[in-house]
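Working notes, structure below.
Going in written order, the chains are labelled A, B and C, and every chain counts its residues from 1.
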Amino acid sequence: MNDLTVLELDALAEIFNISVGRSASALSELTQEPVTMSVPVVHVMPIHRVIELLSPGIGAERLTCVSQMFNGSFSGEAMLMFPENSSLEIVRLMLGSQVPIEQLSEIEQDALNEIGNIILNACFSTIADMLQDTFSCDLPELTVASVDEILQKPESEQTVLFIQIQLALESQNLEGYLAFIMGSGSEANLQQALRGFLEGVQ
Amino acid sequence: MQLFERALSVLQSGVMILDEEYRVHFINRWLNKAFDTSEDLQDKALFDHYPELVGSRIHQAAMQALTSGLPSLLSPGLNRSPLPLFRGQGARRERFSQSIRVQPMMSDDKCFCLIEVQDVSSMVRREALLNKQAEKLNQMALTDELTGIANRRHFNMMLERELRRSELQGTPLSLVFFDIDFFKQYNDHLGHQAGDKCLVAVSDYLRTQLQSYGYQVARYGGEEFCIILPGQAADVAEHLAERCRNEIESLKLKHPSSSVAPVVTASFGVATRSDTQPETQTGLILRADNALYRAKLAGRNRVVVAERQDKELS
Amino acid sequence: MSKTVLVVDDSRVSRMMLSKMINMVASGDWQITEAEDGQQAVEKATAETPDLIVMDINMPVMDGFEAVEILRPQLPDTTMILLSANIQSSSQARAEELGVHFIAKPITPAVAEKALAIWSRENE
């Protein structure tokens, strides 16, 4: 895929900003707490570079990953990832767990799955609205593993739409990551869709 | 009846299919029964029938499945019981915790959504129990078993927190260390059980006295105790230490093998965080402990205040 | 005399979309100026006194709330509208307290219509 233009990246950033904004509303309603989410950065890069980018900060810590396979004019796997410690913090704040826990219980895992599902669904519906497309998705699945294990795919040259998100609730700031791993041919379709969208706006 | 239909009708979890107008296209026996109605919900408009559900998470999930083709998960942790479903008979009838999945389905170009419901009450109950136990264990880890006051681990945590706060706010912080005079001899003479009782008596008394000031007394080890005084300088700390010394002596616990007094007494060391030099936790503890040692050397049953840190260095 | 609207968003695409929607809905009536963040918005609004300000909340340097806190007392006759995808009640309440309106993103022709309708109502 050719590199996206500045304007195309801006459009993507705005799409995800709106997506996480909508998710924040939904999560806020769910937990009855104020929730803010923003998207500071959107990258488009091959998988191995994402691993390089994440590894120094995360090191050996594991990531909690909620993933949904998706199909549309661009297809692939969508993931929401949080470092394990942040995940524990999120469930503690959202479920009101008082106890310092080292591991996620079944209830907490389900809750994280739902949180990931809310955020990923918001992304798909916003992309669908703005780029005039439709998507179908599988139910979310939760895994807890290292950066390598999660992002290890057969083709490490696969393009990833990689987005850093900031989540703020109850005066805690947590950083997570969205990754849309795209199947071959999808990147070109995405770029096409973005171009079409921008033509409509200019 | 087909085998599939029969399977759905004996399934011990809920299956419901809504059409584009949120009408119940299909509902299995288990779920219809759980809805706590004698009516057959087949073909009913779900949200007309249960208007309290309009705008709820389950409504939004169904909407997302039917209009956007996206599946949703409603976890019991974040949504205790999204649908009005009940289990049990008579007096024991109660609304149960649910785990729900909503998935879009297409048939003949028409959109439907499949709602799958599970009763997860026992899982929720079990986890609540585990949480309670974990909480208790955590409490135990911070409590001295004999006296019920904070143990050394808890004291270290509190001191670190208060030290950091006093540095940030520029307020003073004092530490008082004390230990029971001739405690080994007390034990040898009167037995360990009596020794334990003595420790409990002293800590109980001081704990209640200090509570009104908001100070916590902790057991540092053996017969050694400590008190953290956030926001207090050496003069107040010394005054408090002297009061405690006096109170312990006034308890008049007979001590036949003390060469200082016929009753139980304690020696006190006081140290205050320096506001000119940065101080570590260990540093402050050492200075208090040193002062305590000097109190022992000087004859016991007294209070000694550590020199100001900058003075000591010169 | 044509009216001026100040469009504020750190996303260039968003500014483009808003401008386009406003032109679609009420072309010719409105002169559009832009700013990239709250600080620029304060500078431009102070200098130009727009009739209407439509501003994103989430921006670097200075966010929408901070900017309206400064501008609201300064420009009592300007209609101010905040835009955001995050529509929780605490944000809406805060907007109300500050005396400004609140519309949810994404930016559609309907959003532009609503913004202009709000201005009309305030200037009858």
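Note that in this section contacts are C-beta pairs under 8 Å (C-beta built on N, C-alpha and C of every residue); 3 or more make two chains touch, one makes a residue touch a chain.
Computed from a prediction, not measured in an experiment: that's the story for all the values here.
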item: Partner chains that chain A and chain B have in common; value: none
item: Far-end chain from chain A, centres as C-alpha averages; value: B
item: Between chain B and chain A, distance of the C-alpha-averaged centres to the nearest whole Å; value: 32
item: Geometric centre distance via CA averages, chain C-chain A, whole Å; value: 29
item: Gap in Å, rounded to a whole number, between the CA centres of chain C and chain B; value: 46
item: Interface residues, chain A side, partner chain C - complex; value: 7, 10-11, 13-14, 17-22, 24-25, 28-29, 34-38, 126, 129-130, 198, 201-202
item: Interface residues, chain A side, partner chain B - complex; value: 26, 30-31, 91, 94-95, 97-101, 105-108, 110-111, 113-115, 117-118, 121, 124-125, 128, 134-140
item: Residues on chain B engaged by chain A in the complex (per definition of touch); value: 57, 60, 64, 68-79, 99, 101, 103-104, 123-124, 127, 130-131, 134-135, 138
item: In the complex, chain C residues that touch chain A; value: 11-14, 16-17, 20, 58, 84-88, 90, 105-106
